């Protein structure tokens, strides 16, 4: 679960963006002293993620608003499930409803899709992992949703792991040199991962002492051979052209991780609605 | 196109989020004085949106980086098209590439889907419009992408239009009372829109002097009758359960606008890649 | 009433500005554990505005400070009226007193003057409206004070209404073209207002379908004719050279709105003082 | 002249406040590539203040906008004087014009009034000084305008001088004790000023070694006697009930400073307009 | 004690810096619902400073964490003293411990050293003062620690005192001219200090009416003569080459203040540790 | 070298803190149009760190100021060496000098001490490493200075490495369980370090698969045995009670890293001065 200030910073931005100079409809239609209650309801089946964040959104404008969480992140929800109830003054509730929904729908959408893909490879040791292809400003939230869905996190940011890609290798003058440079200067608390596109490069990366090797866009056959070569010397991550239909085949090659940008860059929102009690 | 400070604020957030304490791989693998060039390439067909923002991302860390834009927002791109070239010191280019891609892919994804849907109803006067179901922190960017794709913007934020929904009506004590309250107090530069779910409410909204009436989840038949009733008295906006397959039918009812949250909440990223010149 | 974060943002700025490195007098003269009570007192007659914001200022530095509001915004106050009492630790009370007063005096000054001007035209349907000629950083607060005084708000910011001025018309190539451009691209939730300086332009604006027409610096006779011409086709707003002495005459022409920058740009503070109980 | 970051911070706030999600009129009426020129013109006589800040506002959104300053702060302007010309792309010029004017009008209004009051007492050694009764967020700007008008600055913030008021004296247990506390603990680079309401307190303050004594709301006769008593022992500042008509009388008593909140809390904007060249 | 918002701003920065995307060890090792208690313990003898700030750090991430302060700032602590106990959920306690320690150790280190130096000159009227040679971002905190240790504060920032140095004198064209310029334009609530390097300049500064004269790098003999010359005309501050071993000699010359940058720029942290109760 | 925005953020804070409402001495003594030149001079021997940051500080207030760097970070400087020259308008140069010096002195102090300690163990494979005991707000700067001095960085923040301490072990229910939890949930790009206090715990940590083991406050004899036990299974980091005099002995035990908080928490500033050219 994201740290408290990460949630606060996100909500601060979201409210200033959505309300601007004021929620004029609500201010002028709803008496300031009118109270009521409402509920967040799932409109389709999926895996819940972000319920506590949605609750924080609903109380953001007024601390006297009260939320009751009826489901937890990671639980399955079905159409019609009430996941949260809220009561208090109506003005702040109505002004925050959309933000709560926008966050909950996106995060639950990610968790739902991740869970589906994770299930696909449940018979293999391979783990499904995310990437840095996230929405700017939502990184830790979207990576949290991947976890909720059963996926694993790759590095959270550029300071959370060494990842030597093609361009770095060219600039450094070879895999060996790149690894050497990093090993002698970067924080020694980080693993060193090297991206390779063929088996010769894999050998080079292993020789250089890479902790993890990313097999970029390799064929299934190449991956199988990579697993044989790399066994016990480094962890292997398959990446590139990962689709739901290819997942099982890739997992069957024996790689340790399968990483996939679509988990966060191409998301179908999970539908929820907010209803006031009449 | 978003205002300069909106772009700056977004990039500021994005870079702090993605780099954190430092892009350690690049710092330690790529010599600080090493220069080079590269290109952003489309990997599938679609409508380009956000190219100027991507360019700003690429020069964010170092003003000596130079970008050349080869395509404009709104243009069609095909697989293999080079949309932008960049040259300068390699460290800042490599550290900003992912952010440029994440933004470009999301915005182009929105523009591409919007263009597809707009084409669907091109034979009718109805306009396709977005909603407030956008990603927190990206509102003006995503709404800009909808425009680029040929869609129309509904209000940008809660201060950019009066939108009296069911909950407001209940709280105010009826449609007439709600409109009256707003008309006598809100800025008179804003139109007043009322959400209705049946034809009786439509009559009430028209009688109250609504400028726009949103027909929420009505059947095609109801919408057709609404168009007859509302003709010349208010603009009509169809909303709810809007899918690509239903678009033409809805447009054929004669409504003025069709609004759809999926344009921004369920987005398939358009694929681009960044390549350094060897 | 401004949204909670608008108040918080303003107070954050105000306290950092006024205290700087520290309220050194108070820190070194007043024992940290000394408590007491005090009161905000009106020193002249007027309309109160901003009392809740003043109260927030007084508790800003220490949540254990307690305020009791004895008057509400919009009420008349007379010399000697106690509008608020406060009690708690003296250090934070003394360090926040000036900020509370500065805000209350300015906002009440605006409300008082607005109420005076509104009274002037109470026999006519015309409404008195504000403009964007506000103090940078205080827009929503000053516009709120205008409302408290009985005035109406014009758009709160540039995103809250379309206002086509002379310069826009020139740039677009005519009134008709300008309106057309905006109608086809701007959010359809905003009214379109056009500024005109003579009756020929008024006709053009009406023909182009303007929702509101601003009559800029017209003579009373011109305004009277404009009202006849525009009847039922658009709302009319008189602007320019609006002084207290001309108000009734302008209102008598039959225009819908009279807007005036002086309501916010030339303000006489309403006098209040803060007194500690002995 | 305020420091560069003070100007930047103010403009940052002002633009986000005024533009919000976007200057929609300008974006949609004015082609992005249309350039032009314009001028800031004085519409009444007064003392100019803030011209460099207005120029910064005009170039804030686009560095390719060029300003030429034809007058300097402190100069007299007459109706019709062009104080600044600007040229460049029209969109950013039109979107920044109002902010430039709002600042220039307020600061020039303050400078103009200050100059008038200063002239009133030019035959006496007394100096006219400002107070902390400024607009929240504009402190250094308004105090700068007072200087431009020929006035003197009292402390800029609570950390720029010790000012022992009635409430501090009560809390500390007497004037002597209050001064002692402060002298032994506050930064020794600050003068110590004590507020007194009668001559007995003046004697006490002098005995305690005050550097400056503020004579609060004293009669002219009392002030004259205070000047005799205080001669050579401390500087004397007259305050309270300072109006333009009483200025000369107060100055004639021989006090060193006359401070007055109205210089900044009750301001008549000096009228300027912005015109595009046709 | 620094103002509440100064503490909040510092902690905000400190937590974002130290936690980054998340305290991953704690999140994944410590169950979210696990509670416990702990204590801050002194590991060497010294003067405590910053205990309330450390307590604020410990509750920063979760308001349900409770702290109990067993010592006050300014008190002596010995090895083994428990200065604070804390209890509550373990996750936020473990994630905030390092920040609490880093601040407490630095501030107590400053207070301890200051106290030692102050003791050195306790038989003389001279006061030990700090400078602006503080850690960027910690100015008011480090100056507070100097006070806790018994030292005096020189100006807190550039706006809290006039300090005319060599470079200013050259630029202004002489000591007399520099003082004149400042006296006629700067806030009259600030004392004027002039830096001199020999007795001729001292005479000049006194003649110009300086309130304080800083004797820069003078010999003991020169300082003694300066004290004779300056007696009753200005306060004298010795500065430059101030070491612990020279302190008494300098104080014996009769100067009023001895200022020393090392109090804040060369600090030995006082050792504390945080222990969870088993 | 810290990223550009890290430097900008630090300078932004530093200038607002040090200048506050204004550098009043400089504004009023130094004519705005007066230009000149100056130099930063080393006053003692040491290792330079932060010269580019000092240069950024000197140009922060005015881009027309020009700096020329005569030394690079990592070079040795001797008393009298001119490390940087600057020229341009005097006002911004004088207002930024102190901030440039404060940063340069601190960072060079850290680099100098680190280099001294690194030299001490140059005959052993052990590397000297820093900790998280840094000054709040200066983390990446101080860690950069350690690198400049030849030291190695431990994790930069809590998201840059897993570090299971005593408290985590207790909370998780044992070393094995703690490592298991983290391995199955934390980003797989981070190494897992475990803190142990005796050889039994070392065995447990190795069995659990720790990548790094920290030997906390062990005796030299224990460390020697730990090296034998751990050989080839994990890297070993000695920590606790690391002083300059014990460094060689610790290194001689054969550990891989020696980490020491004093490198950043107890710093002696390296002396530099800024001189204007006459």
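Labels for the chains are A, B, C, D, E and F, by order of writing; each one numbers its residues from 1.
To be clear about the criterion, a residue touches a chain if its C-beta (ideal position, glycine included) is under 8 Å from a C-beta of that chain, and two chains touch if they have at least 3 such contacts.
The structure presented is a predicted model; accordingly, all values stated were derived computationally and were not measured.
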item	value
Chain E and chain A - chains in contact with each	B, C, D, F
Least hop count linking chain A to chain D through chains in contact	1
Copies chain C and chain E touch via same or different residues, half shared test	different
Winner on C-beta contact pairs when B-F is weighed against D-E	D-E
Relative orientation of copies chain E and chain F, as a Cα rotation angle in degrees, nearest 5	180
Which listed pair, C-E, C-F or A-D, duplicates the contacts of A-E in over half of its pairs	C-E
Between chain D and chain B, distance of the C-alpha-averaged centres to the nearest whole Å	44
Centroid distance [mean C-alpha coordinates] between chain F and chain A, Å	32
Distance from chain B to chain A - Cα centre to Cα centre, in angstrom	22
For chain A, residues contacting two or more additional chains	19-23, 95, 139, 156-157, 159-160, 162-163, 185-187, 190
Overall pattern in which the protein chains touch one another (line/ring/star/complete/other)	complete
Interfacial residue positions of chain D with respect to chain C in the complex	10, 13-14, 17-26, 28-31, 34, 36, 90, 94-95, 98-99, 101-103, 105-106, 109, 132-139, 156-160, 162-172, 178, 181-182, 185-187, 190, 261-262, 265-269, 276, 278
Footprint of chain D on chain E - complex, ascending	127, 129, 147, 152-157, 159-163, 185-191, 193, 211-212, 235, 257
Contacting residues of chain F [partner chain D, same complex]	12, 15-16, 19-23, 27, 32, 61-62, 95
Residues of chain A defined as touching chain D within the complex	20-21
List of chain B residues in touch with chain D within their complex	1-5, 139-140, 156-157, 159-160
